[in-house]
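Take a look at the structures listed below.
After this come two complexes, each holding subunit A, first together with subunit B and then together with subunit C.
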Partner chain A sequence: MRPDSKPEGIRQSMSWLHTWTGIVLGWLLYAVFFTGTLSYFLDEVNLWMKPELHASVPGADAAQTAAVALAGMQKLAPNAGTWTLELPNERQTTVSASWRDRNAAAGRAGTKRAELDAATGAKIEARETRGGSFLYRFHFELHAMDRVTGRWIVGIATMFMFVAIISGVITHKKIFAEFFTFRPRKGQRSWLDAHNATAVLALPFHIMITFSGLLLLMGTLMPWGAESAYGGDRQAYNMERRGMVPGGQQGQQGQQDQGGGAGREGREGGGREGRGGRSRDGAGAPPVDLAAAIVPMMAQARAEWPDHAVGRITVNRPNKPGTTVELRAHGSDSLTTRGASARLVFDAATGKIKERPPLPTPSAASAFGNVFTSAHMGRFAGPTVRWLLFLSGVVGTAMVATGLVLWVVKRAPERRKLGRTPFGHRLVEVTNIGVVTGLALATGAYFWLNRLLPVAMAERAAWEINGFFLAWLAALVHAAVRPPRAAWKEQCIAVAALFVLLPVLNPLTGGHGLSTSIPLGQAGIVGFDFAMLAIAALFGWIARHLIRKDRPAAQAAQPAQPVLKEVTP
Partner chain B sequence: MNKKTPLPATYRWLVASRSVAAIFGGYLLAAAWAASMSLWLQKTGMARVDAVSTATMSSFVVHLCAAIWVFAVASTRRAWLGIALPAALLAALAWLARAVAGGAA
Partner chain C sequence: MNALVVLALSYAAMAAVSLSMERHQEQVYGKAFPAMPLRLGGWALLAVALVPAVAAWGTSVGILAWLGFLTFGALGIGLQMTYAPRPVRWTAPAGALLGAVAWLLA
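Showing the complex of A and B:
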């Protein structure tokens, strides 16, 4: 787009498109990237924010843990229709139990939850917090608005991101040469290089994460295919896509005519009445002692799945005739199945394997979608892959941030020529600081409040979140009243201080500090602390860089420099 | 973009026009693609659920290409035509698929 409407090359027009799609939704995208990156450690954040759970240390024998947990459930919910137990793993210290009472309301409303101590099976009362779920939900639904509205806003930003990435690739035809080009301490040039390097370094990640983000939101953003092919019955489409039969609660038959057999097995055993519970062949027999019966079942599962631990135990009809126990392997061998893992269904009375439900074989279309969305969420990623995804997220966050700063830096000559700062430029500059470092400050404050607010406080979880937004607002105000360079520096120092002290705060406020969590092998808690130290190091490094750059400038005290310095963080 | 002279009003209007074409026109085109391909892929023997998924997933790429097209072509009229014609064609195809299905049933 040229003002004089003369013809221009595709690279120029793409550069124009890239700049404007980037700046219009850049701040929102930064927030989405930042909170989304933290969400790769969602379980770890949840665990850290409930320090009461740190004390649960599972023994080495998983069968023993399962037996203890089942005995705990016997005390907690003897009359429930189903029990579901998530056994401890590298990201979780406790046994997460959920159960459904008979005649419970359908769906999530009818499900009760508790965390059990892995060593004793006793219920642990943890503090009230939204934990990492707040950051995770914020990442695609924002906050304090209708869920659908939030998803639309994030979805539109994601579409802009998609356009910005692809137009960015077209703009930079010498993309790989640019990746190896970094010209430090050259002002605008360096910012451009940094933006290019972070963009190219993780380009496959950026394309994957953006496109899969759209796929995850596609039910909201693009319902028209389902609308046309299902005659408006979107729910039927969603059910079929998840491999469930529409209206499947009552009958197994229904509309099985469509769609082949792919992915038809119920994916989520937890919370839903399993298929095993219908048989009554154990009628009249006394209830099974599940704590004793589980041990040989766990041994059989270990023999069946040498590469996978048991991840989940589902008991149908506990304490009633015809009890069945379903064991599900932890982790999946394939991303194409959206993490479906092997299952074994036992008859509790005899301890014999009753069913070996086959793994679903997804169609090409659903396999394609599953690979992208599973990768987006880091589902079933091991620690190494999870850290790689986290680091890619950090690089992506940095790409958005450097792009935002570049917009301001690029306009510095224009400012100098004008002799004043146009309002629009100043607005972008202040918002950049308030969002880039301000959001990190808000997140740090959120973690601190989690430990500092009294445990018994009313509306505790809500006040943690209010604190997050108040801290963010304070950062914006601070950015508006301070000179930009000082604002960048001060906020970076504050962020680094907040995050570097979190591993210190943790043991002081009831959690397991590194000196405890490392020897106990509590990888989830260790991982959180290290992620916080990594963030502190990053912001500390930026702060140090800013301070160093200031010193020679102050000594030389050149009158021409400060103008540029003001806008170059 | 770094011109010191104020940008002419016509230029601003052209940018606004193309933005509307890219964002809303592109969305309409993608929606027509999703609706139409969902129906036509079924006719190739693909399962209904897979036809809808394939059409919907690819529709985001259609929107992307539409946005790039709108800002890449020299004239704003061509940009609009490049959105409107395929969108109308796809809508007609969707209608046709419905009509054929209705006749068969």
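Showing the complex of A and C:
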């Protein structure tokens, strides 16, 4: 690669590889990291974007909540074949109900959903929105294109990310010696330090997240092995991989939707509850009053799992003879089982425990894969681990962003020598701004539109998403027409303003503001508002930094940094 | 509580590891000195911090949480070495002590 055709060492060749794979796919990876990091708070984003659900405040007694919810289901869907209820937890305020009518179509289409008020069991009508699911889906399959195509693009970027990590470690062998070193106000040196620090400090996270990202997309990127071994029957392959017996009802129901709330909108593997329970209709004992029967069952579950609350209640054959009630623990203790949690199956008529389905014991290979993919998605994670993953994601996003900026900073001397800015350099510079701050701007706009678009508007959810892309486009155009420093500064200010006002907008547009959500202990709503303030603070801090450096006094104090002044934020 | 233990121990351990490097010794003490015991002690303390993590979250989640806390312990030391290196002389032992006390109380 050297123009003078001298032989080059492995470090130089890796440097070239690192620079170019980094810049070519860096923008996409930034978007993947940014939206993926937000997706650690998927449930919280979904909750915030449906302010109608904020009014639901569960009581302290989970058994009472369960009884009220079952009474609500009795009114809502007395003839369903199966009811599934996700009980409220620290991330959701309502009872999420889903059910399947007896003659419903197979799969997702036949599943109906509703959110129930945890105190009354009444159905809550929430506004139409894709919520955090849009950001989550965008993170691995992009938007407005075929799902497989999107996954291919993200998958290829992920492979390059893996290459960039490995080549980065080889290129910058000094990074381990300079583990704790950051040299501020030194132009290119500082950007390199920041890029190295964010890369090395969170290296275990980066390797885990990239490798597991590839594992998660494995089925899309390399389907041929499974295709040929199972004769094209993907479902049979998936079932065997997850340790299930084809056709086995109990096993399938237990394992298809792992993790808290996997059956909800926008997640994979959702909506497959309850294929069982269609047979054996007929005569027998009178229907059980489930609202009364659930209270002692909840007490038994509590005795069985002192460390775990009940997360999900599944009722098979409600209002028919042979009703069974399955309780599933909220959360689990190991990643090797992909977050599978303990279950108890009760005979509704007698209230006795009928079955204690064992936890699946995965093979070594799938246990290994499960650990990585579970860690990637973090569905199992309690608040501490979730925040750790989120902050690691922020560090990863910063790593990509500093790398992108570094590309431009590094070429500043070349620009000055030429006396003009080559088109390619300008293109990278504009795109950097449009992506790094532009995506944050678009996300802020998405949250604002969620509250400002009329609730009754046609195609409402689609217009929230259109607004996201229009705001992103506007940020790109703005970056192209303004000088780079001004563009960075103005966009940072805009992002900080959009995000800092979200906790104000929230109570004004029907949600529970901090003064309500904190006393009620609604951790999910509180967490979202604080996360928005944190993002506002971050961008506000960068903006303040840029404004200070623009002041003449500051420039006079630091005359030795023309490089920094010209092209860097 | 366990989060505090693991974070405080990681921070103290990372301080020891950093102070085994010449550059940071000069920042903090103004002179370099041989520091193999500090280095080994730092690595040992990192390993020790894994124990409360696994106790709190189980093996697989515990290792993940431990790695996360190591990252932020190191980030804290990195920022401190940049902007306020000298106080690490007492903040690092304080971190170790805080971790130990919190562990005993947990």
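The criterion applied here is as follows: the second predicted complex is superposed on the first by the 505 of 569 C-alpha atoms of A that agree within 3 Å, B and C clash if a C-alpha of one lies under 4 Å from a C-alpha of the other, contacts with A are read in each partner's own complex, and residues count from 1 in each chain.
Basically, a residue touches a chain if its C-beta (ideal position, glycine included) is under 8 Å from a C-beta of that chain, and two chains touch if they have at least 3 such contacts.
Note that this is a predicted model, so its numbers are computed, not measured.
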Winner on subunit A touched-residue count between subunit B and subunit C: chain B
Check the residue A:Leu201 against both partner chains and state whether it touches subunit B (first), subunit C (second), both, or neither.
-> second
Tell me which partner A:Phe182 touches in the superposition: subunit B (first), subunit C (second), both or neither.
-> second
Which of subunit B and subunit C A:Ile170 touches, first, second, both or neither = first
First (subunit B), second (subunit C), both or neither: which does A:Met14 touch?
-> first
State whether A:Gln522 touches subunit B only (first), subunit C only (second), both chains, or neither.
-> neither
Considering only touches as defined above, state whether A:Lys417 meets subunit B (first), subunit C (second), both or neither.
-> first
For A:Asn432, decide between first (touching subunit B), second (touching subunit C), both and neither.
-> neither
Considering only the touch criterion stated at the top, classify A:Met218 as touching first (subunit B), second (subunit C), both, or neither.
-> first
Note which residues of subunit A are touching subunit B in the complex, please.
-> 1, 3, 5, 7-8, 10, 13-14, 16-17, 19, 159, 162-163, 166-167, 170, 211, 214-215, 218, 222, 224-230, 237, 240-241, 258-260, 262, 363-366, 368-369, 411, 413-414, 417
Across the complex, what residues on subunit C touch subunit A?
-> 2-3, 14, 17-18, 21, 23-24, 57-61, 64-65, 67-72, 74-75, 77-79, 81-82
Given the complex, residues on subunit B that touch subunit A span 1-4, 7-8, 11, 14-15, 18, 22, 30-32, 34-39, 42, 46-57, 59-60, 63-64, 67-68, 71-72, 74, 94, 98
In the complex, subunit A touches subunit C at residues 177, 179-184, 197, 201-202, 204-205, 208, 333-336, 371, 374-375, 380-382, 384-385, 388-389, 391-392, 395
